[in-house]
Amino acid sequence: MKLNGIIGYPVTPFSDDNTINLPVLKQMLDLLIENGCDAIAPLGSTGESAYLEWDEWCLVAKTSIESINKRVPVIIGISELTTDQAIKKAQIAQSYGADALMVIPISYWKLTDQEIFEYYQAIAQAMTLPIMIYNNPATSGVDMSPELIVSMFNNIVNITMVKESSGDIQRMHKIQELSKGELPFYNGCNPLALEALCAGASGWCTAAPNLLGQQPQQLIEHVKNGELEQAQKSFYQQLPLLRFIVTGGLPKTIKAGLQLKGFAAGSPRKPLFKATDVELNQLKQLLSEIEN
Amino acid sequence: MKLNGIIGYPVTPFSDDNTINLPVLKQMLDLLIENGCDAIAPLGSTGESAYLEWDEWCLVAKTSIESINKRVPVIIGISELTTDQAIKKAQIAQSYGADALMVIPISYWKLTDQEIFEYYQAIAQAMTLPIMIYNNPATSGVDMSPELIVSMFNNIVNITMVKESSGDIQRMHKIQELSKGELPFYNGCNPLALEALCAGASGWCTAAPNLLGQQPQQLIEHVKNGELEQAQKSFYQQLPLLRFIVTGGLPKTIKAGLQLKGFAAGSPRKPLFKATDVELNQLKQLLSEIEN
Amino acid sequence: MKLNGIIGYPVTPFSDDNTINLPVLKQMLDLLIENGCDAIAPLGSTGESAYLEWDEWCLVAKTSIESINKRVPVIIGISELTTDQAIKKAQIAQSYGADALMVIPISYWKLTDQEIFEYYQAIAQAMTLPIMIYNNPATSGVDMSPELIVSMFNNIVNITMVKESSGDIQRMHKIQELSKGELPFYNGCNPLALEALCAGASGWCTAAPNLLGQQPQQLIEHVKNGELEQAQKSFYQQLPLLRFIVTGGLPKTIKAGLQLKGFAAGSPRKPLFKATDVELNQLKQLLSEIEN
Amino acid sequence: MKLNGIIGYPVTPFSDDNTINLPVLKQMLDLLIENGCDAIAPLGSTGESAYLEWDEWCLVAKTSIESINKRVPVIIGISELTTDQAIKKAQIAQSYGADALMVIPISYWKLTDQEIFEYYQAIAQAMTLPIMIYNNPATSGVDMSPELIVSMFNNIVNITMVKESSGDIQRMHKIQELSKGELPFYNGCNPLALEALCAGASGWCTAAPNLLGQQPQQLIEHVKNGELEQAQKSFYQQLPLLRFIVTGGLPKTIKAGLQLKGFAAGSPRKPLFKATDVELNQLKQLLSEIEN
């Protein structure tokens, strides 16, 4: 399994009674496929994976896999504090028919490299799906060095990809070097998309297609074709919005943008707030500037 | 309710089958009371609160309150990502007879001050116990400024105390100033114990009495009596061990020390490791140096 | 030579034509002695040592030593980028009759521990005065660990003291432990004065006596006498001003305060600004609150 | 004046008696021109500008300008703590026939944005050469935001370029956006060269041509031609060496590499060390890997 291009991240829509809104969830998945995503990753940071109760997480995983129905590969996100819970979710995702897992260790007490290694190893040994390591220290509190990541790639058989969201391009350089170009890395920091692709990223993991349609896909095409001037133009056009959605927190800002586009994606789960009127207006303005 | 002195933190002991070891839990609580703790806080960071499943958390809370049986006040720790889960646990703790709650918001997406404020407010309005704000950015990923803390103290009626674990003494100064000395603050950073007490802390929240017996209590006494030279001597004697238990992670190091003292406290929950033989030997050495 | 108590830092007053104002410099030194300083350190951070041309630095050193005239010990500050220039100034200060040197290495390219070690060693071998290591990473860009500091104390014969201005009380603990209490440490972070003294600091290096008269000295007395309640009261009274002078930059804020007190201390050297009217009013307010 | 391409940075060679080695300095300048540099910047960070005495700085500036003799533009580096000294050097550089200045404010006391603005303004008003703002917080202790940089570009007439060495690609994005593409930015962080060029940098300020010949120039050509695959290949080939020279400090590592190539560039000025035998061997190895 070798993924390329745009890996799209859906939100998890809630109804007014705070339960999962399944019909809108299906709309969200269709929207990402229409916008040209090469794969879809439900239950990521954007999908508020960490905020869902156990049954809710299972429901979203199952519904997403069934609804996508093999139109594109499905990567299920797992963000658990304990090894046992992570293993259980991995096995559930496999039983539902997921194509791959994206796994981020969450920390309360800081983890040593060896603790992280065994966390991934235990999950990998408990099922057979390929695993994408997900490094996002700002949300998870766990920062995995390129050295650790490549060591897990070399030593744990199902680990086959890494999503780097630290925003530090030097990490990608190091992964490229240490793995001699063998470990595909994906950019998870939206405002770094242009440079990550230029540095050799296999793809871009992003919630942006929810709001920007096929523009992220077009940026990739320009880079692939060596059309650097057009790539720059496309990137700088998207950049203010990319920065806005990251700074404001993806669940809040993506749900707000979807609301502006007429989808009933609901609010993020408390304590997270929904967008204020001021934020909605900023977002409207940013979207209208991109479309013109 | 105005607490003073040592607030002791028990571990949550696991049996070999990874279930809660209730008999040892009771031993742990008795040990802290024998060592002179003025209050006990089960289900804190030391107690691996964040790593327990729902039923386990309830079992530890209930058992602890019953076993302590009003010998000292009981402060139950709550560390939940969502507001709803935090509220449920707060109500459960009250129903079991807890004397107070220690609440730390956990983050995945960064929280704004207003989101944190409403998180605490929602919990406070759902029950009647006094709440100790717990600020520990290194574990929770949430950093609450003195300004925010004092604002919550001023505006939310059950908020009556704060445990500051950032390790920055200037935060304590600021809390003291902004609240005009009205908001009692407790030190949660072990290697800062001497200075926090000298700066006016009402108490010291610590797992150290598990391993150091009455020495933390004696440090408090020396400071209270203005015996600064003895306080320094006592502090510098305890300091290498205090640093060791913090650096290594409290669940691992305290459980290791308890094992050395003959208690079957078990290992921390995975992905956390238990102490290595090297670490056990270091700890043995540190403990023997203090006793001599 | 074993210093204790308050080491006072004078400003370097400039006339309107940007030359050194020698008569006011002498007033400044008298003021610090009247306010009970146990030693005086001209040409420190407060004295804009790094901003002076070679001849100016020599003039201030010479004038200060002559004017103090052995009423208290004089510690001359040296902050040079190159080893050769630092050596020359050290020899000049000795030839003028200084009692000790306070030496801070300035960095452009980051220095390794070994480079710092040889920097101090070369200075120490070029003259015979005792040297106070001065660690202030925020201004100098050089951060010396307790391990390095104590190693220099153990291996370089004239190094006899350290001024720690990082603001991290744990550094002081570590210096105390590593040197087994043999290396006297002085607090150089004003808002840490209470805690540093409680932790065993030999003294407080400060420009505060310029504006606060004998209050810093009184804080030391209270701590020495184990009068912790009065020490806290004194410290919290001084704290808003201590924080203000540090945050605003000592040359600007101390010169502004001296102006309010009627001294013609002039402005700091450009690019540094003098205090704005708003800052002057804040300072006036802070000073009046302390005096009442 | 609009520079493009490679701006090369010579070292300042010292003889064994620690004086400037003028014949080798001229060799250094010729080497950079032979290696295809589009402009040369003597007295930069690599040139140990901050470590030179006044007369030495003048000698290097004068000799370099005369020796380059208009073969390529000459940008003279100024790194002074006080405004007055910076003005004097700017005027001297102009009198010698420099084509432009690269100015970095050095800090001891942290500078406010307004202090930095007036620093640049005062220099700009004192002569007529174009100024390149140089932002390198790691060496200078001054961090200028994109907002401040673009504001100076908009309001100070001779400011026409910026060299960004913070290593943060997002700063370059912001400069591009805030100046609507009008302010040419140059990359000053060697391991960021590929991405900065892909993001629209006008050039690369680097000491690498001293050791890598025309390879930096070739990377620029590949990017300009949209040959991204070759650009990546070229960049990843140079990267281990680029990282090595930055991590070890440019004066030390570039002088070591020049020594390996047979030039008598001498050692950096103390307290800086020359390369150890271990470092020399690492460098030799890195250079041989690139050449094969």
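Each chain gets a letter, A, B, C and D, in the order it is written, and its residues are counted from 1.
Please note the rule applied: contacts are C-beta pairs under 8 Å (C-beta built on N, C-alpha and C of every residue); 3 or more make two chains touch, one makes a residue touch a chain.
Here's who's who by UniProt: A, B, C, D = Dihydrodipicolinate synthase family protein.
This is a predicted model, so every value here is computed, not measured.
Where touching is counted per the definition, the chains common to chain B and chain D are A, C.
Seen from the C-alpha centroid of chain A, the farthest chain centroid is that of C. A separation of 35 Å divides the Cα centre of chain A from that of chain B.
Between the CA-based centres of chain A and chain C the separation comes to 52 Å, rounded to the whole angstrom. Work out the mean CA point of chain A and of chain D, and you get 38 Å between them. Counting only residues that touch two or more partner chains, chain B has none. This structure has the following touching chain pairs: A-B, A-D, B-C, C-D. By the touch criterion stated above, chain D contacts chain A in their complex at residues 167, 169-170, 173, 176-177, 191-192, 194-195, 198-200, 223, 226-228, 231-232, 236, 239-240. Those residues of chain A that touch chain B in the complex are listed here as 18, 45, 50-51, 79, 81-84, 105-112, 114-116, 118-119, 122, 138-141, 249-252, 268-273.
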